[in-house]
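Below, subunit A partners subunit B and then partners subunit C, in two separate complexes.
Up next is the complex of A and B:
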């Protein structure tokens, strides 16, 4: 779990945080509700998770709430890994 | 009654929540033609006031141009008021065909299809040409209508950081397994006024076998040496596959839009795009006026040259006055304030000074990036621009932000 958290956190930082942005992002930093990731660009994270973990995330579960923190994203991925 | 008190209360509480968040859009009434100087009633019920307009998309000052108005009259007299039909049933007149041909020539594209608006063009184009085996790769700051169109499409989609070419390249590599790749961008981004680097984007599309769609709504008629748009500016007219644009901004300001591009893609839109198939034709008077607009911008660069001079004067003046702006060269000039309340308060004070500008804040722009967006027009004269700059200087002084950069303003007002 810890390894998955780090992989996803590193992806989020690389994908959504600009190099000149001083914002600290951790496992429980709100991503969607804080405006760091908007609902349109959230899809990039979904594409990454599905490719990386060979899963399919249904649209009704890939919600802004489920994607709001790295911790909650890990829970969702784990659930679909079976 | 199906509309119960309970339902009414629930809707009212949603409206109240919008107000509490400071996101409520207030009513403003204009009782003059659209121009550099307009007569405004704001707030509702207040005495009408003559103000200078610095927030219209009237880039070329054609909204009330006498030749355009006369052409609309002729269209009304010669082709009637409305078509009472969608295009493919009995809603296509000879002037619709004439406008499409003129737009194709002006934009340097193979073919063009008119839509009731560019919002409709953007809603319909993706689903008409793409399938689930394809992928759309979009800049994260594209216009909301493109976002809606992409979401309505069965193709997969992905995004790249705003104008980050390395990130775009990574995404193009990631999606090499797809049948078709379509890169999507605005030519000029409406909130920041920055230009998509179409030369680099087209080179990447060539390298990784991708098509490119550019929304030119804030560019058509005035970006590029002869006003053809961002693709002219970057010398890639023949490299762009699809342009969507509007007749509701620089090109006359009424309404209507189009998809212009490769012949087969436009033909697929004609066959399959739902807003084309299920919404009425552009009204004849608007089509007739738009033909005159295209003739005007095709035959002379006078208005886009004046807009360029106005833009240079404003950007220089506002920078010297000590305001913080997003650097650039387009007539969209964001005066950066970062704090939403500051943007709102300053726009009200600007109105008191006789300048009509609007504050923008989250969710219209990213959180912490509130600004007043100034839009220049060829209808402005230098004395209008100087008055606007002076008003910004006066209001900026009141709030103590003159000479402050991003960090200075945030330190004083927060984000």
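Up next is the complex of A and C:
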């Protein structure tokens, strides 16, 4: 779990946070509700998760709430890893 | 009783002078949207009334009276003048939905500038195209977004001034200005620019099928249409708490997120944070919102989260709901009536029309799924697809068209008279924009298709071009394709809309690859993120399909419509015939 959290966190920081942005992004930093990641961009994050972990995330579970923190994303991924 | 009263009676009695009465504006008075939305409200006794309740992420909340708006917009106007910006110069506002956006918008208008609002999620390429197109002189932005401006500034010789209105002043670069309206000296009096009804006010960029986005130029006189539709369609009253969820980077966010409500002295709320259903309901509850103007994408997202969550909030103050941006499906209308006890009223209009054109009215029977009926004073029809003559038979699909000349109609496409003329089928080839607008034998064609039923209700069918309507925002396929082929792996590209349950359409890209590149998961993600950063999240393809070659006409034009028809499960026609196109 810890490794997965770090992989996802690094992806989020690399893709959605500007290099010189001083915002501290951690496992429980709100992503969607804070506006850091918008709902359209959630799709590329979803694609990343599906490819990286060889899973399929159903649209009705890929909600803004489920994608709101790295911790909640990990929970969703784990659930679909079986 | 609603403000509009009887729709049928209004049709009979209508005259645009009613708008002047609504604003209590008399000939000879100053007609400047910046002043009408602030100074004038104060002069009429509204100085202490709340103009804006703003909430950001993390519990941030601010409230501004109309007097605050008056003084702070004076400050912006004075600051811009001190930089040497002149009336008629284009001044871009490029920021999130923070208070400075709303206040600076009025400030630019007060000093006679043309305000050019741009969506803050635009990447540097989208920004560059629009600033270059308008020859923009100054941009107001924030520390968060100034990086995108710096990346393109060298390519924009007309862009003389970069003003950062929020963030750390210590991080500015040489030549950039800092202006924090809340800590700057209060400017109690400002000599507002003497604009009239035809003075340019707002320049909104909108996408088309071909070429880069074009600027729809509006004028100060548009306030007549925006105020009257706000009163009759949104049913706004002085004691309302109104929430327009649109971003002022797009026309709804300025016409009905600034000008409409504030010209009537109505309190409005702004929420600047990401979407979750709980957050939105909480916002409606906490601020006792009475009138809510939103979009089908958001409504469908709320629907997806179910009925139970609605019951956990007190939304009893809501009294009127309306929707805009794309057709509102009948299920959403029925659902909102069930859970809120109120139906969403669909409204149809576009960047070019500046104000609502075909809508559902308070008190008028709603046919769920219908766009409603034309606003009084608007002559609308659908034109035969081939002859461009009005269709007389109910239920026959044609092009939605309007007789030109309503107050909020766009006055031109910025420096594109040819393009403006092309919106009026049969127009003389040498007609000027003013002549086109005055010609009551011509129709302005909107680019959308609809039919009219026997009761006069309009039913939306779809667009008449290849523009992609995603979540109520128009994305031009050409702009996406141009950016796609800048990716090192892509040789050719086509962008089309594909169906989406929440956003109506999302962008799908068909690409062929350069030698040495193979389709892969990593490549798909790389292309998506490339477009997201260059253009915007809206323009990012949500699916990429790799082809050996793209279908084309014999003259080499990519057959977008064929690809789109495949996505929508529509008849693709005879490909060999299409190839002859």
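Note that in this section the second predicted complex is superposed on the first by the 82 of 82 C-alpha atoms of A that agree within 3 Å, B and C clash if a C-alpha of one lies under 4 Å from a C-alpha of the other, contacts with A are read in each partner's own complex, and residues count from 1 in each chain.
Simple rule for what comes next: a residue touches a chain if its C-beta (ideal position, glycine included) is under 8 Å from a C-beta of that chain, and two chains touch if they have at least 3 such contacts.
A quick note: this is a predicted structure, and the numbers were derived from the prediction, not measured.
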{"item": "Clash or fit, subunit B versus subunit C on superposed subunit A", "value": "clash"}
{"item": "Subunit B versus subunit C as contact partner of A:32, first or second or both or neither", "value": "second"}
{"item": "Subunit A: partner with more touched residues, subunit B or subunit C", "value": "C"}
{"item": "Touched partner set for A:56, first subunit B, second subunit C, both or neither", "value": "neither"}
{"item": "Which superposed partner A:64 touches (first subunit B, second subunit C, both, neither)", "value": "second"}
{"item": "Listed stretches 1-9, 325-333 or 541-549 of subunit C, narrowed to the one that overlaps subunit B", "value": "541-549"}
{"item": "Set of subunit A residues, in rising order, touched by both subunit B and subunit C", "value": "15, 18, 34-35, 38, 40-41, 43-44, 47, 51"}
{"item": "Contact footprint of subunit A on subunit B as seen in their complex", "value": "138, 140, 147, 156-159, 161, 171, 174, 362-363, 366-368"}
{"item": "Subunit A - residues contacting subunit B, complex", "value": "15, 18, 34-35, 38, 40-41, 43-44, 47, 51"}
{"item": "List of subunit C residues in touch with subunit A within their complex", "value": "57-58, 96, 121, 144, 147, 272-276, 278-279, 301, 304-305, 470-471, 501, 506, 521-522, 524-525, 528-529, 532, 537-538, 540, 542"}
{"item": "Interfacial residue positions of subunit A with respect to subunit C in the complex", "value": "15, 18, 20-21, 30-41, 43-44, 47-48, 51, 59-60, 63-65, 68"}
